[in-house]
Amino acid sequence: MIERYENVIIDIVCSVMVPLIQLFALYVVVHGHYGPGGGFQGGVLFAVSIILLRLCLGKEASHKKFPPKLAAALAASGMLVYMLTGLAPMAAGGAFLDYGHLPIPGVSGAELRFLGITIVEWSIAFSVCGTMVLLFDVLAEGMR
Amino acid sequence: MIWQIDFWLLVVLIIAALLALEVRDLLAAVAVLSAYSFLAALLFAQLGAIDVSFVEATLGAGVSGVLFVLALFCTRRRYEK
Amino acid sequence: MEAYFSLKPLIAVLVSLLASGLIVLSGSRPNLREAWTITAALAKFAITLSMMPAVLAGKYPEVALFTISPGVSLALKVDPAGIIFGLSASVLWILTSFYSIGYMRGLSEHNQTRYFASFAVCLSATMGIAFAANLLTFFIFYEVLTIATYPLVIHKETPEALAAGRKYLVYLLTGGVVLLLALAFTYQIAGTVDFRPGGFLSQQVGQDRLMMLFMLFLVGFGVKSAIMPVHSWLPSAMIAPTPVSALLHAVAVVKAGVFGFVRMAGFVMGPELLQEIGALGIMAGFAAVTIILASLMAFRQDNLKRRLAYSTIGHLSYIVLGLALLSPSAWSGGVLHIVNHAAMKITLFLCAGAIYVKTHRENISDLNGIGRQMPLTMGAFAVAAMGLAGVPPIAGFVSKWYLVQGTLETGQVALTGVLLLSGLLNAGYFLPIVARAFFSPSPGFSKYSEASPWMVIPLMLTAVLSLLMGLFPDQLFHLYQLASNVAASVTGGGVP
Amino acid sequence: MRWLAVPVMALFLALMLYATTGLPLRGEPQAPANAHVSPYYIEKTIEETGTPNIVTSVLADYRGYDTLGETTVILAAGLACLLILRRGKGL
Amino acid sequence: MLEEFLGRYSYFMIAVLMTIGIYGMLAKRNLIKKLIGMNILQTAIFLFFIEGGGKLGATVPVIDPQLGNDPAKYINPLPHVLMLTGIVVGISLTAVALAFLINISRTFHSLDEDCILKEMSK
Amino acid sequence: MSAAPVLIIAPLLLFAFISILAGLWRTSLAYISAVVGGTLSLAAAVFGLFQVLTEGKLSYHLGGWPPPLGIEYVLDPLSAFMALIIVFVGLVVIVYPPKAGLYQVPQRAVPLHGMIMLLLAGLIGVVVTGDLFNLFVFLEIYSLSSYALIAIGGKHALVASFRYLMLGTVAGSFYLLGIGFIYFATGSLNMADVARLLPSLYASPAIIAAVALIFIGIGIKMALFPLHIWLPDAHSYAPSIIAAILASVQIEVAAYVLIRMLLSVFQLDYLRLQLPVMATVGWCGAAGIIFGSVMAIAQRDFKRMLAYSTIAQIGYIGVGIGLANPLGIIGALLHILNHAFMKGCLFLVAGGIRHETGLREIPWFVGLGRRMPLMMGAFAVAALSMVGIPPTAGFFSKWYLVRGSIEGGNWAFAVIIVASSLLTAVYFFRVIEKVFANPPPTSSTGTVQKCEPPPRILVPILILAVGVLVLGLSNAVIVTRVLEQVVAPLFSIAGGR
C-alpha cells in the first residue's frame, strides 16, 4: 500500500491542489448543461483529487478523509439513484427514464427534463467518482 | 477544422503509438501511452468534440495512466521480458 | 377401415413405462419389483388383446396425443400389422418375464433392478413401434428402443460386454441417423409422414430421389434387422443375458427393424412405387444373399447363442424377402413369419438360457447327452428347431409355405430355390444339436436336472405355442386373417 | 498464434482502406450521419430539455439508457477488480 | 483528387493506428504491451467516430443563442455521445485487465505470455 | 406501451446496486437481495412472455423518445423466451449460497452476486434491445462480468480469462467499428430504421466492411469455429457453475445476436446472394461441428470435453443460420434454447461431481452412477439429448436442421449434422459407460458409498434435466407459437419461399 512520503512541499501542494480540484470538479458537473463537462468528467476529477490525497497523505490519513467503504457506497448509491430516477416516471405513467413524467409537482415540460438531467448527471458523478477511487484502492492494495 | 493540424496530429499519434509499443521500458511505454491519449484528446478538441476531449484527457490519459503505473508497481516489472 | 378414438394404444405403451418407474422405486424389494413386471406384462397383453376384435372388424383404435413437430403429431394407431407385432411382443413378454425371474435369480445376477427397468422400457418402445401412426412417432420409439437396450447388452459389465455394447451402439446409432435422414427427406418431399396403406409417396418426386430415399431406408432399417453386410452387431450382442437375447434379439429389436421394412414398403413408399423404381429387386437380392450366407455362417458357430443369432439373421431376411416379393401370399407369409419366427426363436433362446443356468455351458460341442438330463427343455428345443427348418405342422411351415407360394406366384423360381435351400441348411445346423443332445453318450453328465419351473414352463409354453400356431394358424389370435388383411390393404390384391 | 499477426493486420488494413472508400467525405454536411437523426437533437434540445449542451442532453436524456449502461459498466469494472484482487470477507 | 484525399486521408491514418493496436495485441509477448495495444486500438476507434462525425463550417455542439438552432451550424453530437460511452467502456476494460495482470504476475511471477503458458502447462 | 421489456431487466440492475449497498453492511443481505432481484425478474419475464404471446411484438421506447431518436426495446416472442431462459438459468445459479463451495471463492459473496446479476442484466439487455449501440453497451456489461467470473476459477482461469478479455475486446471493437460504418452510411442506430435505410446502400464498401466486422466480432463472442480459441480454456477453468451459465446462456445470446444482426438488420438475399456471408457461417459451423466433436473425443477432463462440445453445438447453430431457409433458422433458434438447458445441466453436473468427490477426469468417474444415481440420471438425459436421441430436446433441433438442409438441397450439411451426432455419441457414451457400467470402488464393508449431492445442488440439475425432456416434447408449441412468428417475417421481407 502507498506509504506516506514525508515532504513539506508535497503536503503543501496537496493541501492547496485538492480543494481546488474538488471545486473545479463541482463546477464541471454543474456546468455540464451549458458547456463541456458533466457527470463523467466531474466525477473523474473529484476521484482524481481523492487519488491525489491517497498519494500524498498515505494510507491512514487519506482513509480517514475518504474511507474506502465510502467509495463503494458512493458508486452503488449513485447508480441506485439513477435507477430510481428511471423508475420514478414509470410510477407516474411514463416510460423508463422519461424525465418528462418525473413525479415532481409544480414543474413541467422542458424544466422537468432539465431537472432530470441534473439528477442523472449528479448520480453519474457520484458513481464514477466512487468507482474510480475504488479501482485505485483495489489496484493499490496489490502493492506490497 | 484545419486539416494541417489534423494531419500532423495524426502523424504524431502514429509515432506515439509505435513508440508506446516498441519502448522496452514499460514505465516509459505507459507514459507514451498517456501522451498518445492526450494527443488524441487534442485531436478531439480540434474536431469540435470538446466533451469527448475532456473525458479522454481525464479518463484516457489521466486515470488509465495512473492505473497502469499502479499495476506496474504492483508487478514490479519495469522492463519487457 | 375406419379409425376411432381410443386410449387403449396409449395405455398399452405407457403401462410398461410406468412399470419401469415402479420397478426403479421398489428396487430394494425384489418380490415387489418382479410383481410389477408381471403385472405390467399381463396388463399389456390384456389391453392388446382387447383391441383385437375391433381391428379384425376393420375399426382401428387411434389416439393422437399432441403435435410433436408442426404438422406431425405423436399419434398411435392400431392396424392389423401393428397388432400382429404388438401381440407377439406382449405375449412373449409375459413368458420372458417369468423366465427372466428364474434366470436372474438362478444366476444371482447383479443390478437386477436396472435389468428389469430397462426391459420394461424396451417393451414400451416396442409397443410404440408397433402402434406408431406415423414415421416420426415410429422413429422416436425406434431410437428409444436402441438406447434402452444398451444397458441390457452391457449388463455383464465385463470388458467384452462393454465392447459389444459399443459395437451395438455404433451400428444401431448409425442406422438411426441414416433413418433420420430418410425421415427428414420423406417429410420434405411428401409433406406428411402418416402411414397409409399402399404408401403416400408418388412417382412425381422423381426416380433418383426415390431411389436415394429407398437406399437410406434400406440402410436405416437394414442395420436393425441385421441384413448381411451390417449384421455383425447381432452376434456380438449375444453377450447379453439370455432372456435379453431371446426377447430383444429375436422379437423386439430386430423385429423392429423388419417391421420398419413393413412400414416402409407397405405404408410409406408403397409396393407399386418400389416396383417402379426397381427397389424390390435390391431388397430381394440382399435378403436372398443374407439368407444363404447367414445359414452357412451358422454352421461355423460352436457357441449355441451365436448359432441362434445367425439363424435369426437368416430368418429376418425371410420376412424382408416376403415383403420384396409383393404378392399377397408372400406378404402374408412375411408378416406371419414375424410372429412365427418370434415364437420359435424365443423357445430356442430360452432353452439355451436354461441350459446355461443349469450347466454353465454355452458351446454346442459340450452338450452331448444333455437331452437325457433335461428332456423337457431339449424337447421344446427340438420342436422349435424343426419349426424353423420348416417341418410341418409347426408354425414355421405355415409362413414358409406362403413365402414359397409367393415366389411361385411372381415367377421368381430362383428365390424358391433359395427358400428351399435355406430350409435344408436350417435343418442342417439345428438337427445335429438335437441329435447330439439326445443320442450322444454323456459321460459325467448325470448331475444335472431340469432348470427351475420359472424357466421350464415358459419355454414349454412357447414351444406349444409355436406348435399350435402351425396347426391352427387362424384360430389362435386370428393371425392369418390379420396378416392377409395387411397384405390385402397394402398390395390391393385379393387373398388367395 | 503470433505468426497470425501479420496476415491479420494486412487483412484488417486492406478491409479498412477498402471500407473507407465507401464512406462520405469527411466533414460533408449532407452526409447521412449529419442529416438523418442528429438535426432533431440540435433543433429541439432547448425546447425539449432546456439544455444548451447538446451532448449532455443526448447523453442524459435522449439516449439516457446508454448512459445507464455505461455507468453500470464502470461499476462492473469496480466490482470485477474487487472480486479478483481483494482477499477476505466482505466487499 | 486532392479533395478526395483530404476527405479520406484521416481515415487511412486511423486505419493505420488501429492496425498498430492490433499488432500490439497479437504480436507482443508482454501482457502490458498487449494492453497498450488494446488501448491504442480503442482510441483509434474513438478517433474514427469523431472524424466521421465532423462537419465543415460547424461549431461545437453547444447551442449558442447567437447562432440559433440551425443544424448546419453545429457538429453532429451523436458520435460524441457514443464515444463518451466508448471511452468509459474502454477504461473499464483496461482496469479489469490490469487487475488480471496483477494477479497473474503474483501467481506466475512473469508477464511474458510464453513463460506463463509454459508455467501453465507444467 | 407495455412496460414488460424494461421490467425484466430493471429488477436485476436495481437489486444489483442494492446488493452492493446492503453488502457493505451485511453479507447475507447481498445474497438475499440478489435472490429477490432474480425472482422479480423471473416474474417479469414470465409476464412478458405471456403478454407477447397474447399481444404480439412489444416495442418500448426508453425515455419516451420514439425509435430513431431514442433507444427502443423490442420484445418479440423469441426474445421474451430467451429472456425467460436467461433469468431462469441465472436464478438457478444465483440461489446457490456462496458457502456451497461451488464458486471456488466462498467469501466473496457480495461482488460475486453483484457480478452475476450484472451478467444477467447484460445478457437480457442484449436480447431485448432494438438499438445497435445499446447492444454494444450491454454486450460489454456482460462480457466484463463474464471475464471477472471466469477469473475466479483459479490461476489457470486467470490466464484463460485474460486471453478471453483480449479477444473479447477485439470482438467488441470490431463490432463497434462495424456500427460506426453503418452509422456513417445511414445516419441511424435503430435496428429497424437501419434495416429500412440499408437496401439502397448494399453496394457500398462501407456496408460490406460493416458486415464483415460485425460478423467477426459476434463470431468471436459466440465462438464460431475458427474464432473459438478462447472458449476451451475459459469454460473449462471457470468454476462449473459459472461455466454453466456461460456455456448455456452467454454463448447462446451471442448466437442470437448474430441471427438478429444477419437477418433483421441486413436482408437475407443480400447476405446470401451478394455476399457469401451465409455460406461462410454455414461452413464455419460445419467445420466447427467436426472440429469440436473430434477434440471432445480426445479430452480426458470432463469440463474440457464439455467445452469442446459447446464449440460443436455452436456449429449446429452456425449451420442453421448458414442454411438461410426458415427451417434452418428455426432449427438454429431451437438449438439455442435446447443447448441452454442441456449444457447448463451438464456443467452443473460437472460442478456437482467436483463438489462431492473432487473428481475432474473422466477415467476416474468409474461407478459414479451407482453412487449418485439421481444426478447421473440427469446427466444421462442431458447427454442423450446432446446426442440427439428422440424424445429429448436435442433431437428436435437436429430434426429441423436436417430437414432444412434437405430442403435447401444441401446434403453435405445434413450428412455432417448426422455424422456428428455419432461423434457426440462416442464421447458421451464413453462417459456413460464409465459412470454406469463399471462397478464403483466399494468400501471395506462391501457396500457402495452413496454420495448424492444435497438438494440445493441436485434440484436445479433435475429441473434442467426435466426441462430438456419438456422442451423436447413441447417443441411444436415453441416452434409454432414462438419461433415461426419470428422467422416468418424475415422470409416474407426477403421474398424467399
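Worth a mention:
Chains: A, B, C, D, E and F, in written order; residue numbering restarts at 1 for each.
The working rule: a contact is a pair of C-beta atoms (placed from the backbone, for glycine too) under 8 Å apart; a residue touches a chain by one contact, two chains touch by 3 or more.
Please read these numbers as outputs of a predicted model, since none were measured by experiment.
Chain F has its Cα centroid nearest to the centroid of all protein Cα atoms in the structure.
Chain pair with the larger contact count among D-F and C-F is D-F, by C-beta pairs in contact.
In this assembly, the C-alpha centroid of subunit C lies 68 Å from the C-alpha centroid of subunit D.
Centre to centre, using the average C-alpha position, subunit B and subunit E are separated by 10 Å. Per-chain Cα centroids separate subunit B from subunit C by 78 Å.
Centre-to-centre separation between subunit A and subunit F, using Cα means, comes to 36 Å. For subunit E, residues that reach two or more other chains under the stated contact definition are 6, 10, 16, 18, 22-23, 29, 51-54, 56, 58, 60-62, 78-80, 82, 84-85, 88-89, 91-93, 95-96, 98-103.
Counting partners per residue, subunit B has 1, 50-51, 55, 59, 63, 67, 70-71, 74 as the residues that reach two or more other chains.
Within subunit D, residues 1, 16, 20-21, 23, 27, 31, 33-34, 37-38, 41, 46, 52-53, 55-56, 59, 61, 63-78, 80-82, 84-86, 91 each touch two or more of the remaining chains. Listed in rising order, the residues of subunit E touching subunit F in the complex are 18, 22, 25, 31, 34, 38, 41-42, 45, 48-49, 52-53, 78-79, 82, 85-86, 89, 92-93, 96-97, 100-101, 103-104, 107-108, 116-117, 120. Interface residues of subunit B, counted against subunit E in their complex, comprise 1, 3, 6-7, 10-11, 13-14, 17-18, 20-21, 26, 29-30, 33, 36-37, 40, 43-44, 47-52, 55-56, 59-60, 63-64, 67-68, 70-72, 74-77, 80-81.
The residues of subunit A lying in touch with subunit B in their complex are 28, 35-38, 40-41, 44-45, 47-48, 51, 132, 135-136, 139-140, 142-144.
Contact residues of subunit E toward subunit D in the complex are 3-4, 6-8, 10-12, 15-16, 18-19, 22-23, 26-27, 29, 51-58, 61-64, 69-72, 74, 76-82, 84-85, 88-89, 91-93, 95-96, 99-100, 102-103. Within the complex formed with subunit C, the subunit F residues making contact are 384, 387-391, 395-396, 398-400, 402-403, 406-407, 414-415, 418-419, 421-422, 425, 429, 433, 436-439, 473, 475-477, 479-480, 484.
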